[in-house]
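Here it is, the structure, as structure tokens.
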Amino acid sequence: MTPPHDSDRSHLEGLIARIVESYHAHRHTQHLDATFLPSRARTVEVIEVMRRIVFPGFFDDRRLTGDTISYHIGDMLLELRTLLYEQVRAALRYTENQVERGRGDACDHCDEKAKDITEAFLERIPEIRRLLATDVAASFDGDPAASNTDETIFCYPGVDAIFTYRVAHELYNLGVPLVPRMMTEYAHNETGIDIHPGAQIGESFFIDHGTGVVIGETCVIGKRVKLYQGVTLGALSTKGGQAWRGRKRHPTIEDDVTIYANAIILGGETVIGEGCVVNGSVFITRSVPPHHTVGIKEPELTLRSRPRKKVAR
Amino acid sequence: MTPPHDSDRSHLEGLIARIVESYHAHRHTQHLDATFLPSRARTVEVIEVMRRIVFPGFFDDRRLTGDTISYHIGDMLLELRTLLYEQVRAALRYTENQVERGRGDACDHCDEKAKDITEAFLERIPEIRRLLATDVAASFDGDPAASNTDETIFCYPGVDAIFTYRVAHELYNLGVPLVPRMMTEYAHNETGIDIHPGAQIGESFFIDHGTGVVIGETCVIGKRVKLYQGVTLGALSTKGGQAWRGRKRHPTIEDDVTIYANAIILGGETVIGEGCVVNGSVFITRSVPPHHTVGIKEPELTLRSRPRKKVAR
Amino acid sequence: MTPPHDSDRSHLEGLIARIVESYHAHRHTQHLDATFLPSRARTVEVIEVMRRIVFPGFFDDRRLTGDTISYHIGDMLLELRTLLYEQVRAALRYTENQVERGRGDACDHCDEKAKDITEAFLERIPEIRRLLATDVAASFDGDPAASNTDETIFCYPGVDAIFTYRVAHELYNLGVPLVPRMMTEYAHNETGIDIHPGAQIGESFFIDHGTGVVIGETCVIGKRVKLYQGVTLGALSTKGGQAWRGRKRHPTIEDDVTIYANAIILGGETVIGEGCVVNGSVFITRSVPPHHTVGIKEPELTLRSRPRKKVAR
Amino acid sequence: MTPPHDSDRSHLEGLIARIVESYHAHRHTQHLDATFLPSRARTVEVIEVMRRIVFPGFFDDRRLTGDTISYHIGDMLLELRTLLYEQVRAALRYTENQVERGRGDACDHCDEKAKDITEAFLERIPEIRRLLATDVAASFDGDPAASNTDETIFCYPGVDAIFTYRVAHELYNLGVPLVPRMMTEYAHNETGIDIHPGAQIGESFFIDHGTGVVIGETCVIGKRVKLYQGVTLGALSTKGGQAWRGRKRHPTIEDDVTIYANAIILGGETVIGEGCVVNGSVFITRSVPPHHTVGIKEPELTLRSRPRKKVAR
Amino acid sequence: MTPPHDSDRSHLEGLIARIVESYHAHRHTQHLDATFLPSRARTVEVIEVMRRIVFPGFFDDRRLTGDTISYHIGDMLLELRTLLYEQVRAALRYTENQVERGRGDACDHCDEKAKDITEAFLERIPEIRRLLATDVAASFDGDPAASNTDETIFCYPGVDAIFTYRVAHELYNLGVPLVPRMMTEYAHNETGIDIHPGAQIGESFFIDHGTGVVIGETCVIGKRVKLYQGVTLGALSTKGGQAWRGRKRHPTIEDDVTIYANAIILGGETVIGEGCVVNGSVFITRSVPPHHTVGIKEPELTLRSRPRKKVAR
Amino acid sequence: MTPPHDSDRSHLEGLIARIVESYHAHRHTQHLDATFLPSRARTVEVIEVMRRIVFPGFFDDRRLTGDTISYHIGDMLLELRTLLYEQVRAALRYTENQVERGRGDACDHCDEKAKDITEAFLERIPEIRRLLATDVAASFDGDPAASNTDETIFCYPGVDAIFTYRVAHELYNLGVPLVPRMMTEYAHNETGIDIHPGAQIGESFFIDHGTGVVIGETCVIGKRVKLYQGVTLGALSTKGGQAWRGRKRHPTIEDDVTIYANAIILGGETVIGEGCVVNGSVFITRSVPPHHTVGIKEPELTLRSRPRKKVAR
């Protein structure tokens, strides 16, 4: 409980000065005198309210009944509208200020645009529900270990990640900066599944286990596609860096494809044709015609005999 | 701070109606008029109380002494019993209602069964501790970076995931639905290690680093087995989906096997024999006889010279 | 709400006795009558205060201005000093007691050493900021999906993990036990990226997506290196276990190397030369000369035609 | 951080035994092996939800609009119904068990009765609002320091205490045990105003400042009555104790009476007639006819000259 | 856990409609479609930050040292400025909207004025500290039960209430609506001492015990005045209600007066002269010349002999 | 959301300097460079743990049974011992440092003494329970509004205040500085009842309603005494201030006395004899012989007729 040490005030002042100096030296790693970024905590709240609207009764601490559900949903929609509007507005203002630093926070057209985007998003909720219903059905059909669809909604990280992606993707389509990415990073943190909100993914999508899955920004994925843990749908090379911005860098996966664990598929022109199966650990940079199975030749393995070790049991 | 927009009441009513409609259209993605699911927060509490019973003194904020430990453990056991009983009862009632929707919540034999299961689980705690003691010893012996066993209990995600699995596996064996899976998904979320509670795993088990490890429901794993990050012990194909329920779909790993990072071993009839070493990134769908090392032939790699890039430093 | 069951007091007493007994039987899985371990919650606080000192304005709930920032930083430095001193002291005392159990908590030279280490760490903050500025620039240059450097500081798990590593590495260099490892395990839990605090990593380091990355204790990594998700820089074999302690077991990666997803590079004598590119899923245990690309020969893949399945859409 | 002292286990055991013994010796100060009491925390929640239903927009963290208010109120009513039902049921079960210890928790007619009471209470909300509207108007009319009625709803402890009383009084009338008293004790704790839920109080009631006000169980208070801090409307003597149960022990205050600070009015047959004014500090145990002012004769005061003290300023 | 009852949807709808109707009927007890009120939680934060600025080291969880205190105070001042500005602005906007409902939230001159008020308040902090130093000294000098001044700052409700009053009074003088009253009601709730922020109170003021003390809006109190619990300095009659707004309604207490418990002093023209002592329970509505003691004649008491009761001990 | 104003850095610096200056000018209202005070939050924890030990089952969220209660009590005693030891030690160190500022925190005999005091306190718990059992019985016997003793333990502020006093009084007797006062101030804040921990109070003590009760440090109160709200047992005059320290300044109340609301009894030589009844609002500074009733002569009241006001109803 004793103070750590006699504070050498002038020494401390020197250190503070050097740190503050480093704020001037490396300006891109400080955010002083600047507009607020959207709030991470509030963005998570948006996701959690959406979850309870989209899957009513699963994550609530009150029993909900069909008779009275419209009061509950109505109230949550109003809450969602307020929360979402604020985050969208903050993101628009932030972007505006990026372009022209020091404009101050006021931005009337940001506010107007945030209002329109919020309304447009709310309209999409029934469609989001429709898509997720197909995803949930796919998660149950695809996993013999699942007892029923309730279990997949309640426990499966894959369903969690796809839910978050579907919400973030709508906001991405509506032109909201930053917030969609914050949402999918939240899901990435929780599930280990990293889906860029810009990816286009068809209905009945299922990811099993999921840790390590990466789905890039310009991926196009068809219907009834199934992925396992560790699958990467990525860019061939990013050595060009920012020069590649906006171009299709990630593969196209057609309908009814299954991709097993740790497979890596790279490149914007790579197309995995309809009905293909990609085996685990496969590394692909070229297209595969429809209705093929792609795998590693098994004889590649080496088998070397080992001496029997004596183990004390 | 202004309200986002003049609310168009009739418009909002229309939207709410459409959302409520979608609850009728896609019934498997709502949980209205239904029994409560077990609570996620309470299930996590069960795990955390168990952790403090099983590893006393590591995660407590009070110093515990051998002299008086029985008061502390006694009190925590009573707390555990109450918590666990409630979650088990909720899971049994939920499953009962799944079979026969609308039966209401009362279920006398559920309560009786929950009581018996809770008692049986408590009896298993000394055995769980015995098994975990072997796992902790293995984690220290197997990792030169570990300074002592305390460090592995306190910091290692592998020990954390195995602890949770051992607890969930006992409940799985006792026939508890949903709750064991919720427990291992909690560990999956925290550690990136996904062990199905149905897997059978022998003593002295160690997972190093662990992110991306998947161990399927019907795996059988012997003693002194060691896994690295990204290892999958999975099913060959799940195209059959729910038709595969209950059959052995995942491999058998015999005693004293080591499996390096990202290796994938698939299939219910695949057996990795005693004392084998499976190298990293290997993909296996057939059995390996005891005492062999399995690897990828190194010459498979291609080596292509690159121009020296000039880098401004 | 009824009590679970008539408690059989003598039965309960028996169970408690058996559990307490198991504390004597397996002494390495209890921590009774022992010095406190450093606190996990407080160690996380150290990281979070550091984050706000190193990236001012990104994670604060108040707008910070350049004019007055020195008050804020000064106050946070004082808080950091107190927090860090306590954790370092606890770790030193713990280690001291490991050597000689039962010495009690007092340890005057621990306190003195903790004071010196804390001061030395504070001095390093400007340098930590300088290194991170290069990392952040690399993360933006390397990812076409990033809109600006703010986004990478705010959202990228790779930047988060490298930040935590750079803090932990300084404490590792100053000889602090346990705490650096607790820090990087916290980042591992949050991001799925597991960097040992002992690794040596040059400036402008970037990890994209990151889930499943493992970087071992004795790795040496040059400047401008870029890793993707699932990359392992590990030890060849750890069968020797604790006998390998302190020896170089992990590879050396020279400047300007890029390593794609799921590649595995093992061994203390393995050197990936300057300017190399390692393709995804490659498994390497031998050195690669500078300026080469290493990959799997693509023809290794098997392509097998599949019958067209009829799918009801 | 050292443990307080070598624990003398047998000594501690002796102490515990003596404490447990005292649980047997003084049975009315323990509550072991007994039905749960209603929850204090949940009862406070009932009050807080009611507050937001009854005074919408004052205590919410979201802006509410007239257009959409019915969703919000509908949802809060459903929440209130669940919360209140549980507390009422617990109180009925508790009372039932008081009569016949050891009956266990089940009590079907308690559940039925709790349901009826809850419904009946909800029906009374519009009337509670009507009464409170008169109270709020009275609080503004009666206090020149109040700027508007908003301020009295938002800040005045008198309004807070009367609100809580009006809610508790309805439950008291419906025969709910314990819970109404818990509610008014909560208000007592917050405001220093102690109104027994059994008191009968007419509309347009105002208490200014309020600390120390006590209004007994069998008080009858008319319309437009105004009280100041420290006023007691109590029983003449309670030496008879429990023998007085159920009899009118507290005074009747007719319409349009004002009672100033610290006045004490005692006795079940004491009636303060319509339009009276009772001055501060008056002590009354007999009735006062209508339209009189009651006070202490001012000459009763003694005035004694004091020497001028020199004060160092 | 069963739902309380089959919800009769149409019945519920009727009830909701009636409640919403009552929002229209009694418009002054709802706050729909209206500007936000200042936040109670944030106003409490302002008080708590001020407490730590004004009494540094008493309520902090970190040891503060004279050497480095300016960083801490500087940082807290910046936080206070942000917090206070927001609450003052909200109060000004609210008041503006009171006058002209429906103007919306924007109010440029409110923002300007809030900024000026905030700055002016900050300037007053050293003077607030000077006054409180005299109050604290008075609390120690006046109470033989106090061991030192630290104890009175740390434990005495009187010091707590005076501190809050001195802060609120500055804001009252600067013309801030609502917020000062919210502050003193917070202190009233905590201490039972109700001081209107408009009262004028000289230095070295002390209130002992304090529960039930009321000091009205237009009181004028000199230096070195001491009050005991239950003292009222109030208005003679408030029957006129709002007609009395703005006039001096409460007494003047000159320097060096002591007023004992439960004394009531009423009226705007009542002056208690310098150096007077007012005894407990006295009721005064007329002025008292300087240097007198005012009391109740003791013979007023009645003494009636009682029969000796037999008490079973 | 815009920053309040362009910060004038030099202006701010001036203000900070003036505030810091005021810390030097008024040294008794800062606590810099000083030993920690005991923690208020931790002292409240001591009280709350004691409450659950002394009234088991009333305030717990788990059902406790007689069979297993010793584990629960044992564990809580161990927790209490740790908590109390730390607060007592802090208070002793603080007092030590008061005497000799700058001695640093170490104080070996403080630690020793804290240990002895803690043990001595624990021994007193059965006696505290015995006393409280008599108080609880008195609270039920004395209040016709109470349904049973459970209700008084659960709801009555009088029982709450007496419980806290009895705990604090033991610590006061054991010579602990500051902490007992912090405890009774906590109860004062919660209940409005201010009992100095130094007062001596016999068994079967009851305070009804209680707001405004003050019981001074040197009061001596017999058995079966009953007080109502607003009663003061105080000092005659405290003009002498600190000169009165340690002398008997407060009255003696003998066995079986009842004192009604707002009565004030002052002076260290004032004795209210056995079996007396003191009526409400009475002001006494002289002794009363046993077995008398003391009251105000009722004819003192003035009755003045008032014109009938017309009230619009």
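First chain written, first letter: the chains are A, B, C, D, E and F, and each begins at residue 1.
Convention: a residue touches a chain if its C-beta (ideal position, glycine included) is under 8 Å from a C-beta of that chain, and two chains touch if they have at least 3 such contacts.
Since the structure is predicted, the reported quantities are computational estimates derived from the model, not experimental observations.
Fitting subunit E to subunit F on C-alpha positions gives a rotation angle of 120 degrees, to the nearest 5.
To find the repeat of A-C among B-D, A-E or B-C, check which pair has over half of the same contact pairs by residue number; it is B-C. The most distant chain from subunit E, with centres taken as the mean of CA atoms, is B. The chain pair B-D and the chain pair B-F differ in C-beta contact count, and the higher one is B-F. Separating the CA-averaged centres of subunit C and subunit E is a span of 52 Å.
Rounded to whole angstrom, the centroid-to-centroid distance between subunit D and subunit E, based on C-alpha atoms, equals 22 Å. If each chain is reduced to the centroid of its CA atoms, subunit C and subunit D end up 56 Å from each other.
Annotation for subunit B: residues 3, 12, 16, 36, 63, 65, 68, 70-71, 74, 77-78, 82, 192, 211-212, 230, 262, 277, 281, 295-296, 300 touch two or more other chains. Residues 62-63, 68, 70-72, 74-79, 82 of subunit E touch subunit C in their complex. Across the complex, subunit D is touched by residues 53-58, 63-66, 69-70, 73-74, 77-78, 81-82, 85, 114-115, 118-119, 122-123, 125-126, 129-130, 132-133, 136-137, 140-151, 153-157, 190-192, 208-209, 211-212, 228-230, 258, 260-262, 277, 279-281, 296, 298, 300-309, 311, 313 of subunit F. Listed in rising order, the residues of subunit A touching subunit C in the complex are 3-5, 7, 12, 15-23, 25-26, 28-34, 36-37, 98, 177-178, 181-182, 185, 188-189, 192, 194, 196, 198, 211-212, 214, 216-217, 223-224, 230, 232, 234-235, 237-247, 249, 255-256, 262, 264, 266, 275-277, 281-286, 288, 291-297, 300. Interface residues of subunit D, counted against subunit B in their complex, comprise 3, 7, 9, 12, 16, 63, 65, 67-68, 71.
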